[in-house]
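A short write-up of the structure that comes next.
Letters A, B, C, D, E and F name the chains as they come in the text, with residue numbers starting at 1 for each one.
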């Protein structure tokens, strides 16, 4: 992280919600500064409006817009559960959206990686707002380029380690097999949390295990408890650099209707947030929140959950910075 | 169950979601074959688009359509929680919809029973997609005709054992009293799960007990736990033939907004699915999922939950077949 | 409570749902009599369609209408969890809506207090349907005038003890600081339940503590359990007169999308109802359900939850009356 | 019309929207008095929450509730297009809802007719809010009993003169054939306006003609113009007593999505209102607005159109009263 | 058209809506037979669930499903405006969906053309349900292969003759330039109807003219009138073989909210249907209805309009057959 | 207009939709530059998120956000109906939102006027996005300060010249009486277009006339035609400086469901746009589009119509600039 990221007065804070109403003004994530407004930054939030990797209901291209819009509602100064004022600790900026073609997965992967690389240069940390889960691959490539291979903590209803879909190698259901094959993931330190739902075959699970993933299924959480789940994750990733990828469909459709491949029987938003808030020691070097498809959302339920997850990621990064 | 239900190559499977996208093609439940496509079958899924028995918000006549549509989303080959590939074990077919009049409850009851009898002939098992809960009566008559009286496992917010509604004897709130009176239910082996909400009077509960039902209220589940609930059900029904009736309003309105008589304080979809998945030994001879009213649904949240319940019922039937 | 509140035949009951369908007829809360239909009453439900105190999504002015409409669905005679037929025990009436200006907070506060005072005169108990949370201040003034200072039991995602918002002293985020300053609350006997979400600053919590509030955060409930939460509340308020204020956003947005300032990670409706039903000994002298904004609701999920909460409050009042 | 319908101070007016906000208070149609609040009345608005006659999307049982709710929005004192203050001219009341069973068409028809007869006794005029179009039959029976056979002016996408549906003689698609057969309609003086959409067969139209109806199809209006349409209607009915039945699906689905059997290619709401406002000389003795199914509505678009139509009917009745 | 398309008893008709309720049974377009149910056919309706060519709101992949579902509502025997019973005249079948990849435009184009060619073989006529407008290109290739180059009658808000979008040559905004370049369109006999909205530049229109298109803008219809518009179209295409392509966004967003690139100021559904019904002499050899994106629809307003357009196309084909 | 508003290279254009997809990047109106990005400008678009002046359904505070979001969809380079590339002619910027309190109408009026004055200084022209119609008063004060009194061209369902609402002098229903009283409007040169719906009394119209307004009612447009309407407007305002205020409820609720006080029988969006496009000679010095309440909108139908109206206003200003 760059030494120079804060000026003498500390980070430039978000717009103050008590002087500018939250329904007015800035359209950045949590109303933090735009990337061009500060000299340097620790963490950049980057929109990746791409959904051509979707296998069922498309629309996550409008995810960045919806998550930013919902994030207006956050009172951004202080996170009481984590006891931190993240924007006092680190400089967070909104880096806007990657201009990305919807017409070619390969071209888009390149556009995302190129753009992300610019923003991440110098070890700055990235948090992406998807977009469908395909975007995690160029994100991982970028993060690994800066920080070396990572342990993946992956919240999702689905494994996303299928081989191909209709001959396409890189889709929202195959990204983590590709990432494993490319050596982006540290073997035996990654895990899926929240998996559930029927599969194309038993072999899906076997393949996943071969790639060194551990899986905490949605039902396992009832057995492990939230504390046990937190412990399982922290033991798995240890102090390794972590990429945290949250597919919003890890939540039950009641909590996240606005997504492309919903699965009944998921987590509540309270469960998800409590697990995230238990990961305070995590060495978080990058992450994403993906698969918010606003056309299926209602009353911003899904995008607000996603915005809150992102705020928690920022706060985890800030907390670790403080300790370090 | 007919010996001949599988050909030498085993059951005809559902359409393969990796070659035909799930948003294309077949409109049957879970994209299984239509009834006319196979010589014989073990289990038939039957739509019963009838909602004239509804006392509050109508619209469950569109339930079969909506549940089938949501079921496209299921990856149908393998059920990881139950460790079974149901469509490899038994031949499941979609028997289409009963053509049923909306204008007379009595005529409709006859149409449903006649149609169901044809499909069930020879001990084939039926799973109905409602429609409102009234349809459980002709379903029970059909199932009992083939398998003898049954233990009823009934998930619902409501007892459905009222006497009459506005003088009508057979409505979605009175079916199980009628079933009891007709001797369709094995006494002292039936139970309700998930009951909650205000009643017309204390006597409602007393009557219900007189008919030999046990009740696990929604709040009891907090005390029993899911394991205790599963145990209570399995003890209650023993190895008797079971009819499993799931009124989707057993779920909280957050999980099942698309229903006619929602009640706050219900189950989560994860709870319901976990209880169902605990019933692996059940001798399931028939069942239904009812009261999906799509006009009140959002983003297919309700119909996807119902489709998942139905897939679990099929898997339970397949699992028992395997053991047998 | 007036001795004369019941005639020789007992209270005038709600419209009977088995003779008049619940989708027809009376538009009062739970179809109880209008205030003019009875000579006297124990409890009056009062609509307060005011939302000018809202800081984010407005629309709670349509709350009374929506909650009454959803309350049609309640079968009103018997509450099985509390084992009481509330409308047999006490005379409940619907006192209609306060005619309240949307254009001036100060004028509106006066209109509400004046109107409420008339309805409450003689120690009759009030339950308000909001409206935004601002209405709790004139309600408290009215209740305290009749019953003396109260212990506040406050279910909410937010503390509502901020100082001012854009210079305005009385808004939906500042009411309980004002109430404390006016001496309406008994010190050290009030508490917040369900609090969560980011704050404007750490000082928000300190101020709140200075006003003598205890806080049970949403996450604390996972630790305390529901029984522990109930115990904490009852110990806190003892046998003091209690005002029970339920901001519907205490529920997770999945359970209450129809509200103005939703926060991810909230209670389920089953949790909220179970806690309320644990408060049977409460000396409840007044209360409100606020912040239902129907334009953001879906399938009446939110307004039905609010109507059920209100029915529980009535039942708690009736139970205490019976014991007394 | 009864001589005594107005007191010395004239009719009791609706609640004043400039002192009680339109989002507060009274829930009657256009906030007119309830039937019990005045000694006598000229016109009664009656809710008929019945939809068991529906052949496709049910839900019109919630029509009376939705139309009354939308009617709050009307500023009720003066109708500028008709240059009349209807509630100054005649006493209009809201007679509440008929308590009507959803379980038997025949029983319901009797309940509606019995109830309507009480309200209409003495030649008072009725305006019904449906409910599905089936309710027009008992309404016609009631009106004819008071006023003799009527000319029918029928706005609808459908003829509603089919013979039977699934053996049922009285449904929302067959009412006007039944009415004709019973002699309720004056032969050769009735007409349909706005008809469109495919039919079960060419014979449908021939049958309709045999019953003495004239038809102005939706497309004919493009040729006749609005003035020509008005003229065709007034010539057809002359000065005969008229029953005016408006199925809201006469509007295009864009203007009335909230209905059970929508047909593309319909009227705009401006066209419908202009035609109605051209019928100032009509001898209107009764009428209805039917088929508002709120579960399919959005932002009250449909119910507001229906409420406006009803307000126009009241104004037409008031205008004729003034002239007479 | 094959001589043998009808058996001695004439075409196999759609399911009869008076014996099987329209909300039950068959899921084909207008409930016509599936392609496998008849020996031969004149016209096949083909679903093309592809939307990767979309530049703004995706989701048209669910168009075939939604349009078929809405088409249930059509009473399919007789078209009164065209005075024809189309399914008596010609054999219409539903050929199901093309299984088409969402991940590669080029692969998908091939899949669509291959599949369509099979169905069209022998001069059978095709009507496609999109999918986005990209699908018109493989459809045109197929139709031209059977019938030679065609005159294009194109209803749309947009020209769809841009050159490339983000380097992609074949997208929903460029198909007709590609079609022109390939020689699929007869020069100087094609036209656009309903064009409106801002452009990327003035050059867009010039290019379009160079390709030999005539344009009737939405505003021109106010000047030409509907009769003039019909005349302009028929003069333009003369008796040439016509491909009729209807992008549902030719309708105003009020009439077709469920689409990907809505433009204010469009046609009403009555206008569109009247123009189509004026084209009775058209030598229609193929067509499509595209860009229905159900996630943005409400109450099936858009999909019902599209289904009605498709029924009109079938009826135009049947009428021409009768004359020939 | 400042001479210096364009650099040597002409105005800084909007983001190019063919290189950055319209679903990505800039969140300004039509993706024009932010005010800080250019040295000078001709026209500034200003969001005014204020809705405390609303008398019925609130929510227009989210109007600026929604209209900007919908404006992404505009291809911004060329307006074919007006034959102009507005952003080549004049420098248009987005000036962001006024930070405005929701808690006091008076304070808010001051905040809006102060902020607007800064932006308008030097004769720059303003176009406001509301917010409710109350905002027109501070906008008029600002515009008149720069340009002198104006002729008002006012599209609306309502006159907005009531005196007070619940004692409040400045609300969305009273602004133009206040403006007249303050001498902001040139007498006898202002007019309302699209007025309809019931009134509180006949006197409402008389008062309006006394203030020198002419009214073209919605129904008058059927008589005048669109050309006649355009002529009436241009004759009325002559070459005087004009303020153009468009309340989106001038459209029928089918075209603008997302508004606070909808009235049946309104204009279509094609009619409104054609009238606006007929006003090419107008000396437009300021304007607004108000009353978009997104919580009641669907599929951005309303906000897209509003964004298109705003784009037309910009184009009218650009056209006049070119001529001058």
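Everything that follows uses one rule, which is that contacts are C-beta pairs under 8 Å (C-beta built on N, C-alpha and C of every residue); 3 or more make two chains touch, one makes a residue touch a chain.
If you want to know which protein each chain is, UniProt gives these names: A, B, C, D, E, F = Agmatinase.
Keep in mind it's a predicted model, so treat the numbers as computed, not measured.
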Both-way neighbours, i.e. chains that touch subunit D and touch subunit C: B, F
Chain pair, D-F or C-F, that carries the greater number of C-beta contacts: D-F
Superposition of subunit A upon subunit C: rotation angle, C-alpha, nearest 5 degrees: 120
Cα-centroid distance, subunit B relative to subunit D, in whole angstrom: 41
Distance between chain centroids, defined by C-alpha means - subunit E, subunit F (Å): 38
Centre distance in Å when subunit A and subunit D are each reduced to the mean of their C-alpha atoms: 55
Sites on subunit A at which at least two other chains make contact: 19, 21, 23, 55, 61-62, 101-102, 165-166, 252, 254, 268, 296, 298
Interchain pairs in contact, sorted by label: A-B, A-C, A-E, A-F, B-C, B-D, B-E, C-D, C-F, D-E, D-F, E-F
Complex contact set, residues of subunit B against subunit D: 51-55, 57-59, 61-62, 101-105, 107, 165-168, 171, 295-296
Subunit C contact footprint on subunit B (complex, rising order): 55-57, 165-166, 196-202, 204-205, 217-219, 222, 252-254, 257-258, 261-268, 296-298
Sites on subunit D touched by subunit F in the complex: 17-19, 21-23, 73-81, 83, 85, 226, 252, 254-255, 268-270, 273-274, 277, 298-301, 304-305, 308, 311
Complex contacts: residues of subunit F adjacent to subunit A: 19-21, 23-25, 27, 47, 49, 61-62, 64-65, 69, 96-102
